[in-house]
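Order as written gives the chain letters A, B and C; numbering starts at 1 within each chain.
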Amino acid sequence: MEAITELSYALDTFYFLVSGALVMWMAAGFAMLEAGLVRAKNTAEILTKNIALYAISCIMYLLVGYQIMYGDGLNAVIPGIGALIGDENTAKTVLAGGDGAPYYSKLSDFFFQVVFVATAMSIVSGAVAERMKLWAFLLFAVVMTGFIYPVQGYWKWGGGFLDQLGFLDFAGSGVVHMTGGAAALAGVLLLGARKGKYSSKGEIKAIPGANLPLATLGTFILWMGWFGFNGGSELKLSNIAEANSVAMVFVNTNMAAAGGVVAALITSRLLFGKADLTMALNGALAGLVAITAEPLTPTPLLATVIGAVGGMLVVFSILSLDKFKIDDPVGAISVHGVVGIWGILAVILSNPDATLLAQLIGIASILSWVFVTAFGVWFLIKKVMGIRVSEAEEYEGVDVGECGLEAYPEFVGSRGASS
Amino acid sequence: MEAITELSYALDTFYFLVSGALVMWMAAGFAMLEAGLVRAKNTAEILTKNIALYAISCIMYLLVGYQIMYGDGLNAVIPGIGALIGDENTAKTVLAGGDGAPYYSKLSDFFFQVVFVATAMSIVSGAVAERMKLWAFLLFAVVMTGFIYPVQGYWKWGGGFLDQLGFLDFAGSGVVHMTGGAAALAGVLLLGARKGKYSSKGEIKAIPGANLPLATLGTFILWMGWFGFNGGSELKLSNIAEANSVAMVFVNTNMAAAGGVVAALITSRLLFGKADLTMALNGALAGLVAITAEPLTPTPLLATVIGAVGGMLVVFSILSLDKFKIDDPVGAISVHGVVGIWGILAVILSNPDATLLAQLIGIASILSWVFVTAFGVWFLIKKVMGIRVSEAEEYEGVDVGECGLEAYPEFVGSRGASS
Amino acid sequence: MEAITELSYALDTFYFLVSGALVMWMAAGFAMLEAGLVRAKNTAEILTKNIALYAISCIMYLLVGYQIMYGDGLNAVIPGIGALIGDENTAKTVLAGGDGAPYYSKLSDFFFQVVFVATAMSIVSGAVAERMKLWAFLLFAVVMTGFIYPVQGYWKWGGGFLDQLGFLDFAGSGVVHMTGGAAALAGVLLLGARKGKYSSKGEIKAIPGANLPLATLGTFILWMGWFGFNGGSELKLSNIAEANSVAMVFVNTNMAAAGGVVAALITSRLLFGKADLTMALNGALAGLVAITAEPLTPTPLLATVIGAVGGMLVVFSILSLDKFKIDDPVGAISVHGVVGIWGILAVILSNPDATLLAQLIGIASILSWVFVTAFGVWFLIKKVMGIRVSEAEEYEGVDVGECGLEAYPEFVGSRGASS
């Protein structure tokens, strides 16, 4: 029997590591998606932000975040700095068995969790693109990944009050995506729209992304990575029932994204008369965000429908935000924030343990915590060092100003043409 | 013993899911490959086609395709709509054991199979690029993935007459690749060549792809994904003999692709005096297609040779198709159709169970079924709504006409330059 | 018990295959990284080199390399040609058990090892970019992957004298990365700098890469692939202790890369006043190279520091090489060579079994073997067929001269602008 426990432990650990590697891969997905949707002159900077935020997320979560989230909430901050991720399980503890015995490596859990933090932070970078100061953003990333995210993560996944209340969020429509969306919204409100986006006469100018194949690649990367994101969140694989559950999560994740694509394409065709590629991409992501709070209990057909509603919703949300002059170059607030809320509510369609009340409390708690603290931090950074680049730098492109180089030095003939 | 069965079930299910995720990733590979090989003005549309066809494949295969293919062929269409993918295995059935007992999750099987359908459909999109109406293509995708593909899939992998006849096709040189190539050929014949490709004097104009790094990335993605495509098709991993087989499939898949690259490079060097990158890419893919019908029984050296023959063949096939004025912008008919046939025939080189007759019957049956039905469907669509965009739209690029946007709005100075 | 051994064998084999697929994926990473960092006119050629060198690596390692490295060193060359990778393990041998019994598929080992060879070779291609003859490079690849690499690989991983001496190199900071860097340096010294890089007055001209999103994508791909590179190098997963070790390797690999990014960004900000994206990318890679010699024994915090030192080091190394007029367009010699040395030395920080002496002997032995033989081979090729393209071809771009096509035919207005 001990040999079986050893093997089972190894399989579950491997399942976590493979899932984690897929979620890490989502960092590349966000980088490509956002780089494809901004203008050429702001591309190098958003790439820098994306790789830097991933690195910062890992370091901050190692230093304090993980301890806050899976230790004892805020009480764990101070010991956390020393304690870090704690000791690995010994074979003795594992083989002792019993209900609370660990069945996979603690370090594999850390690896899986740390890439989630980076995902939440990646969501923010797209929304504030093309006009925010790089170092202001990175400073925000430090606070967000070391503090804001882990605290609400503790509420649900660390066993805090939202968990005890019965709030259900399988892989993080709320804990990860809505959180990213709320922090992004706070930043965008303080930052203002890009120059020229909204005219004084109320006209909305489309500012097309410079490289749509890149944005499409990013979407496919995210779609693939989501199999790790949702699939790994079952947290166990090593018996028949759990393996069946993981398989169901894979199928539903895939179907929801498919539903999102088709719905967004049809919606954009009906609204604009064209099959808008960027809407199809946002539709895929919306489908994925929508199913993330509950990818296990729906049938594949229901998962398709949940994704399709997300795909429709995202189109209308993007159009609506523009009416409120909330300028989000990549649609991140709509995809992750608005559709994240839909995902949390959709849990009640198939999971008998879910209650509307608990889901609403979860939404309200996370939204208000993240929005208020994020707003405060953005506000403080704005006062101290400023968050917006100069008008000249915005016109010139943030690449040259912030990074001292251009993303495509040979492709864009004249600066003027790209503004 | 039950604990071992549980663990073994979990491992085989995980193996399917990881393989399936790799095959899903091939959708990104096709999208990048095709986007890199068309002109800038037609890039957004082919990206839209690729993400939409993947979504449609998943939905149609869920609704009817899987039921046709692994149910009871055409007899299963009607109950299929309700039955969908059926019930998941219970622990009881699994643990009961016996020869027919399931040893991995049914849903993981669905996931693995559904991504194959999308692969077959992806093949078609490249061949008809730069001139086909988007919605005509998507309509064809509905019929192809819900009906044409599953019926011939049933013949072989569902236990139909080709299987009983001894036709061997391990991972689908025929069922997937030749099928895609045949459907593409039917479409291209009805669609005609791109304007300016063939002059009335018999001259063939090279129309270079706009973004070769993208095409190269797509090829590498496909190469990687093929480890799931072929590797997962062993269908079992959980004992010594099966694990050895899966390892052999990985090695042979890799070696065949390597052989294809080298052969295509040398061939193109001999024919043109240059190391043509696009031929090297097609050589890699040809090597992969060639080994797909039998990646298990050849030695790694023979696998390299089988791939190398594929790599040579694809160069000559691409040149020949142009002589017949069959205009295939990405070489899909050659890579998947022509080399697919070679792959099916190559089975007899190493697998003693294969007979030339059975392989020929397999080729003839699949080819004629797919070509005839696909031709019929394309023909019908042509009559009802048309399949070709207007000459003005073709000149302008299908991106603006079909999708209402441009893939690289800042990179291409003048429309005229890109036509 | 036999059933457990079978399952354990299957799991370890699968772990090798998944790890190998991730390392294979690094080939795409190098291709994208290098393609993004050269000028547009030299992009197709470097893509051709990358896919061709991967193919050649696989074939040469199958034919002779694997036999040299894991057979009996040079004594194994001649029988190697026939023997190839030898027979697969039988169930009988495996189940017999005992200390020397195989516990995973020999073919899966070959697959995992073969992709390492390609990695070493990929390192070279970037350093000699934009001016070397394609076929001279490919000829060098044949000798490097079939002979130079396997011989020193045998010294350490094949059980040769470096292994017996106590030289420690977990996953190849030395065997793979320093080896690639040394071979690259030899080539660059014989090849000379690109025209215009260093003026006679001692000025150094920055020659920016044409496509930084591509370079960023390549870096993310490499980062992901490194989980296979280091993670798979534990060589066993199937019990509690080994699973914990693999998890530790994943975490440390990730943290070192994160440390490298942050350190390189801060260093470049202090030196240049800007957040140089290419330095951030090189920082990530440097962090990964630095941790590769010992990703198991450091704590995650120490791993972050080891990576951070690598990230700082790489910036200074790149600046220093330019002062010596050693022209390395992508920084490969710095990232893999210089930081590889740091990685080998850093083993003594955490592994009590390491001695400074053994590490220094390892560095000296591998460096001198690779540099001397590589220099000899480059020299011979230079004498016989030449290694550098003509000045006219260099000015025009090697794409047209060597490959007969352009990577971005529509994006770059005038040839002159890109030179």
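Everything that follows uses one rule, which is that contacts are C-beta pairs under 8 Å (C-beta built on N, C-alpha and C of every residue); 3 or more make two chains touch, one makes a residue touch a chain.
The shown structure was predicted, so the numbers you read here are calculated from the model rather than taken from an experiment.
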Taking a step as a move to a touching chain, how many steps at least join chain A to chain C? 1
Fit chain A onto chain B over the CA trace and report the rotation angle, somewhere between 0 and 180 degrees, nearest 5. 120
Interface sides of chain B and chain C: same vs different residues, half threshold: different
How far is the middle of chain B from the middle of chain C, if each middle is the mean of its Cα atoms, in Å? 32
Multi-partner residues in chain A (2 or more other chains touched) are 4, 7, 11, 18, 211, 217, 408, 411, 413
Along chain B, where are the residues that touch chain C in the complex? 1, 4, 7-8, 11, 15, 18, 22, 39-40, 208-213, 216-217, 219-221, 223-224, 227, 231, 237-244, 246-248, 250-251, 254-255, 257-262, 265, 272-278, 280-281, 284, 299-301, 304, 408, 411-413, 417-418
Across the complex, what residues on chain C touch chain B? 3-7, 9-11, 13-14, 16-18, 20-21, 24-25, 27-28, 31-32, 35-36, 43-45, 47-48, 50-52, 54-56, 58-59, 62, 84-85, 88-89, 91, 94-95, 104-108, 110-111, 114, 134-135, 211, 214, 217, 402-411, 413
